[in-house]
């Protein structure tokens, strides 16, 4: 465990992050108060907020936002421009209730997906590109669309 | 009124912006020729274009794009990765007609939403995460989906 | 042809890019190993990956991601927050098959659109804002929605 990634790159904001070994972090990131496991890679234009936890050997692709309350397992692929959410009734001030989200080991979230707060993405599940996930996704399932629904005949996931 | 935000942060492009008091602006922003009211907060990876107006005590979250022709009232929440649009027929050159958009006081726009040009989001309305807004949204209404439609039983908005 | 854009701007990562004449590139970009034709303009918070090719007089707007395997013709408009994809089964490691995407001359892709890998966007076609494109789009057609479908009565495209 260390407070810095394994590589150097200009234009990074990194504050109070716990890194495992061999974590690669590209330029133009805003990372603070989170944990990122060994061997993971973080693309440019990514924000990861305080309290978020990312496992080992994950890819967090460019333009993605990971908020407080998100827990991501090992070997998870998070595509480009993915948005996590942790608040059901967003507002500008006052109390709010954190909606935690879990992405289990081996899952993949396609680019442009939006994940509402409070959902669980099961192990090895695949969330299609551009999907808006409003409910839990079963392990190994493939979901697509707005709102995201299981795709017929693809229930075994991307490895079928 | 001042030409600088209330806080310091590295890696910011700020040119010709009029700030009210106590505006907080994070790193990695591109702001030019716009107005941002007192007490508002602007996240990282945000662009706000010339002529856009943002009221007081707003939150403009990370990765969001606010274009020319957008007027945002007071106490408005704009989530992460929200895209405003001001042109119906985008092209690379030549004349075009600005489609203005208004977001009234107290409204909230969920993360990942896309707002076509020329729409009005009424006071205290809620635009769901990932919605594509193609028409006006009534005050207090909740809209979701692609294209965005009012959600039954939620017409009173997010405080119901 | 040159290795630098026509303008200066701070906070840019540019590595091994071939630029035509008069290419304008804004701040906060990550461009590497790609080709960008004469007269094109690239907005802030844009990543363009190795092997991508962009024609002449294009606009690549803010927050957009152009991946390896994407070939964009001349006079193409790519809106804000557009995501290209080149892999059908994303995962964190191991072999994968590149799915190439072509955008033909004069096409326009609306802001917030997501384009699955392996699609062809025909000349002068218009992809609506927020669309998720899962199949080829005919020349001159307008497509909208998730998944993107041709819009009735608009088949002649945006100039009708």
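Just so it is clear, A, B and C label the chains in written order, and each chain counts residues from 1 on its own.
In the analysis below, contacts are C-beta pairs under 8 Å (C-beta built on N, C-alpha and C of every residue); 3 or more make two chains touch, one makes a residue touch a chain.
Computed from a predicted structure; not experimentally measured.
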When chain A meets its copy chain C, do both sides use mostly the same residue numbers (more than half shared) or mostly different ones?
different
What angle, rounded to the nearest 5°, describes the rotation that places the Cα atoms of chain B on chain C?
120
Which whole number of Å gives the spacing of the CA centres of chain A and chain C?
24
Specify, in ascending order, the residues of chain A that touch 2 or more different other chains.
11, 28, 45, 63, 81, 146
Residue positions on chain A within touch of chain B in the complex are 11, 13, 28, 30, 45, 47, 63, 65, 67, 81, 83, 85, 89-93, 114, 116, 132, 146-147
Give every residue of chain C touching chain B within the complex, in rising order.
10-11, 26-28, 43-45, 57-59, 62-63, 75-77, 79-81, 108, 110-112, 126, 129-130, 145-146, 158-159
